[in-house]
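Once you scroll down, you'll see the structures, which are given as structure tokens.
Two complexes, one shared chain (chain A), two partners (chain B, chain C).
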Partner chain A sequence: MRKTLSYLAERALLVLISIVVLFPIAWMFLTAFKQPRDAYSLSLNFEPTLQNFVTVFSDPWNLGSMVMNSVIVATVTVAIAVPCAALAAYSFSRFRVKGRKFLFFLILSTQFIPAVVIVLPFFLMFRQLDMLDTRFALIIVNLAIVTPFVIWMIKGFIDAIPTDSEEAAMIDGASRLRVIKDIVMPMAAPGIMTSSIFCFILTWNEFLFALILSRRDAVTLPVGLVSFRTERGDLWELMSAAGVMITVPIFIMALFIQKHFTRGMTAGAVK
Partner chain B sequence: MAEVRLVDIEKKYGNFLAVPKQSLTIHDGEFLVLLGPSGCGKTTTMRMIAGLEDITSGDIMIKGERINDKPPKDRDIAMVFQNYGLYPHMTVRQNIEYPLKLRGMPKADRKDRVRETAEKVELDALLERRPSELSGGQRQRVALARAIVRTPSIFLMDEPLSNLDAKLRVTMRAELKHLHHELGVTTVYVTHDQMEAMTLANRVAVMREGKIVQLDTPKKIYAEPADLFVAGFIGSPSMNLIDGAVKDGVFRADGVEVPVDLADHDGVVLGIRPEELDITQDPGAAISGKLYALELTGESTLVTLRNGPSSVCARGHADFEADIDSPCHLAPKEGARIHLFDRATGERLL
Partner chain C sequence: MKDRLLPYWLLIPAFIIVLATTIYPLAYSFITSFRAWDLTKSRRPEGFVGLDNYIYAASESQFLNSLWVTFIFVITSVILTVILAMALALLLRRKGPMHTFTRIILILPFAMSPALIGVSYRFMFNPEFGVIANGLGAVFPALQGVPWLADPQLAMGILVLTDVWHWTPYMTFMCLGGLASIPRETEEAARIDGASNLRIIFGIILPQMRGVILVMAVLKTIFALKMFDQVVTLTGGGPGTSTETLAYFIFNVGFRWFDMGYASALAWILTAIMMFISIWYVRMLLSERKMATA
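Showing the complex of A and B:
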């Protein structure tokens, strides 16, 4: 009896937490298909429409260019950050260089600095370089944000790989770079995949730097959402449609790599 | 095939001296075993030969050429690791093929060579499996196949059988011995298992605290251990080592009186192997005490008797039976080798 009660309480708590977490997302998805007049209604009885998605892609919102900016900035950031971070992580994991721990801490410590403190120096720097409102500037900033984090993540995965296979490959005739390519990277693949996804999500959702450093040409999706706060008030149905556009790619990606994601997490946690 | 020479090699980790300065020559085609307890520097020595550890000072010569600065890939060696060191994301075929691929061998030749090697270690039916789908013994065979596939000048084997169960270890030991006979490649083998050392080696280097304390054939090391450490380390069950003193040509300890050819000496350890003792009914025998334990091993019975702090083991007939705590007497067999060591220094006295 007591066991059943505790089981029921546990389930009830889980349902409650799920409702709290999922309600805003469900509300966003529903609102995306509502007409403006139904946006504030909590009723599920409304006439669904796809018009909001059409509207956000047309003038003056032009979500298409923002999608393109977000895709390019996030993809290029991942494409540069992950290979560089993997090599750095390998070095930190395998080479016993003097000052290694301090250097690693130094790299991690960049994550302790509040973004709002460094956004102004970044703004001044890019203005000086005439790079404001460019995707290139956003990629550089995102690289600075995510690379230390990805180094730290991938190092955890590489640490968990025994060195025997690497040494065997070196004796078999492989150079250090070949060992990394043929042996370490395939063995660390789940971890690298996980880190890439984290990297992509961080960049995809990055808001503050994109808000300050972009104006018209390099605006990304999260910043684009702000534009739905107009003089006419907050256009929730359009904001929700744009929100769906931001969420869905990440959602699909997470579903697709869920297996790697879990394996990677476990592998990194072991050591 | 090649001769390996270690000339005054030394290895330090900061201030810690892992391998003190020493030299060693491994002859062409020889099977040399580095034997010693954990942490004695045997794996470090092997890793220095492989190029996986830098040497602090000294030279390593292979085929007369100094190879100190050559990376592992250019030393023409193959190594079998304790944990196999297989590539888990590759199939057995790809694992075996990898060293050939790195050396740019054409695909068709590689295929033939992999097949031949796999047949040699009876892996031909498992070529498309991944290491995770293999048993410990099969994985060990893959590691072996990968080592022999390109016929290197030197084989290095770092406790390759230590992860296998006892039965499989015996089987694989015989296979390694046969393989060495067949290929004749110079082999350096690291182990802490004296049985492996005795059965496999042409010569054994017994190591302690980084130093080679005795380098000789297994037979010689067994018969004439250089010091107390070697005497206690080699043999199963190990040599009986009894603390006592020599006076008037007799070694004396509690319940032990053995005539020896040594001048008076305090602090002496007498060593005699269990198989060189006879169990006797004679109360005046050299060693007397109470029966402490009987252990049937199948082909014989190990008889342990105790007298004070001394405990002496003899190998008796499989049918031997007696009551625990009953008086028991042992006598050295005719022509038995009696070893005497200085207790303080461990040096051999006789």
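Showing the complex of A and C:
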């Protein structure tokens, strides 16, 4: 009797947690498919429409160009940060070079710098160079946040790979670079993939830099949300449609790495 | 010969990035923090003013208010997140299809853009057509028509709620990792001896999780100090200045009033707070490890 009771309580708790997690997301998705008049009612009985998506992609909102900016900024940031970080992570993981501990600590400690400190000088610099409101500016500042984090994550994954096969290949006369390219990177591939997606999510969701460094041309999706706040009030149905556009790609990626995610997180944090 | 330098060559690209994107701006804003520089008046920095910006901060009520707001926000969100994450992890470490399902969907709040979280909670707590505001009003008549985001305390509460909703999943994953790495034998032995669940959790599991809980608490503190996005999209710092955190205040000084010198000084105060906490954290962690190996 007690057993079934605690069994039921546990299930009920799990259901409750799932509702707390999913409800805000579900509500946003529902609102995105409502007509404006339904968006301001709580009724679930509405005629779904795609009109909001059509509206946000046309003038004056032009969500398309924001999607483009977000995709380019996040992709290029990942493409620069991940290879550089992977090489550095390998070096940190395998070699006992002088000052290694200090360097690693230096890189990690940059994680503790508030973003607003970083963006201030960059704002002044890009203003001087007339490069405000460009994707280039956004990529540069995003690298600051993402690179240390990715080094840390990939190092955790490389640490977990045994060195035997590397040593065997070196005895057979393979060079270090060959070993890295042909042995280590393929073995670390799931970890690097996870780190890349993680880095993509961070950059995609980044708000502060984009808010400060972009005005019109380089605006990314999260900042675009703010533009649905108009003199006529907040246009919730359009915000929700834009919200769906922000979350869907990221949710797919996140679910894809969910399994590796726990491992990558804890390996780095606890060691 | 070539091989001996290789470790350094591998580090160089990443180092150039880190130097150029963090060390350089850090140094730049440090120097700017000792200058007067009103961007609306001059394109170039004006003269050095010594510690004036810092001294001004110490007596400015808006800055002191933002420190207090940040303190309240950090304390509540860290405590709530850590306790909830620990509880969730203890629940979710068991096997079962519902457990697995919950674990999988738990990544969604973490992947959601914080700016969007702010927007959607603002929508749900709208007193007229917000689904949570109306739902609570229907269940508890006393809560009908409460102007959630127009009340200083409630607005702060919702701000904390969005942050806890966003970060608890990540922290739960960390706890799950920690739980997986502690040996199960003691726990099983205690269970056979008839120890209650609560005793097992508080007497056996939590003491072994000390290190992980410490790491979580410090990481969460850092994230909470940095939190910015939801302030913009949820409350805009209001009502009044009741949710104006330090990060948001710095943003206002720098990019609404364009006082670069003062903004830099404030940014460095925030950096100093964070550095202090992280050094303290590394120390605690090191002494923890010594205790573990001794």
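The rule is short, and it goes like this: the second predicted complex is superposed on the first by the 253 of 271 C-alpha atoms of A that agree within 3 Å, B and C clash if a C-alpha of one lies under 4 Å from a C-alpha of the other, contacts with A are read in each partner's own complex, and residues count from 1 in each chain.
In the analysis below, a contact is a pair of C-beta atoms (placed from the backbone, for glycine too) under 8 Å apart; a residue touches a chain by one contact, two chains touch by 3 or more.
This structure is a prediction, so every number in the text was calculated from the model and none was measured.
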| message | Using the superposition on chain A, tell me whether chain B and chain C clash or fit. | response | fit
| said: Going by the contact rule set out at the top, does A:Leu44 touch chain B (first), chain C (second), both, or neither? | reply: neither
| message | One more residue to check, A:Met28. First (chain B), second (chain C), both or neither? | response | second
| Which of the two partners, first being chain B and second being chain C, lies in contact with A:Leu5: first, second, both, or neither? | neither
| said: Once chain A of both complexes is superposed, is A:Phe122 in touch with chain B (first), chain C (second), both, or neither? | reply: second
| Which partner, chain B or chain C, touches more chain A residues | C
| message | Touch test for A:Asp164: chain B only (first), chain C only (second), both, or neither? | response | first
| Which of the two partners, first being chain B and second being chain C, lies in contact with A:Gly173: first, second, both, or neither? | first
| message | On the A-aligned overlay, A:Asn205 touches which partner chain: chain B = first, chain C = second, or both, or neither? | response | second
| task | Using only C-alpha atoms, work out how near chain B sits to chain C after the chain A superposition, in angstrom. | result | 7
| message | Using the superposition on chain A as set up above, list the residues of chain A that contact both chain B and chain C. | response | none
| field | Of chain C, residues touching chain A in the complex | value | 3, 6-8, 10-11, 13-15, 17-18, 20-26, 28-29, 32, 39, 43, 88, 91, 98-99, 101-117, 119-124, 128-129, 131, 134, 165, 169-170, 173-174, 176-178, 180-181, 211-212, 215, 219, 222, 225-226, 228-229, 232-233, 247, 250-251, 254-255, 260, 263-264, 267-268, 270-271, 274-275, 277-278, 282
| query | What residues on chain B touch chain A, complex-wise? | reply | 50-52, 71-73, 75, 77-79, 81-89, 98-99, 102-103, 143, 146
| Taking the complex as given, what residues does chain A use to touch chain B? | 162, 164-165, 167-175, 178, 182-183, 186-187, 189
| field | Touching residues (chain side chain A, partner chain C) in the complex | value | 10-11, 13-15, 17-18, 20-22, 24-25, 27-28, 31, 39-42, 80-81, 83-85, 87-88, 90-92, 94-95, 97, 103, 105-107, 109-124, 128, 140-141, 143-144, 147-148, 151, 176-177, 201, 204-205, 207-208, 211-212, 221-223, 225-226, 234, 236, 239-240, 243, 246-247, 250-251, 253-255, 258, 261-263, 265-267, 269-270
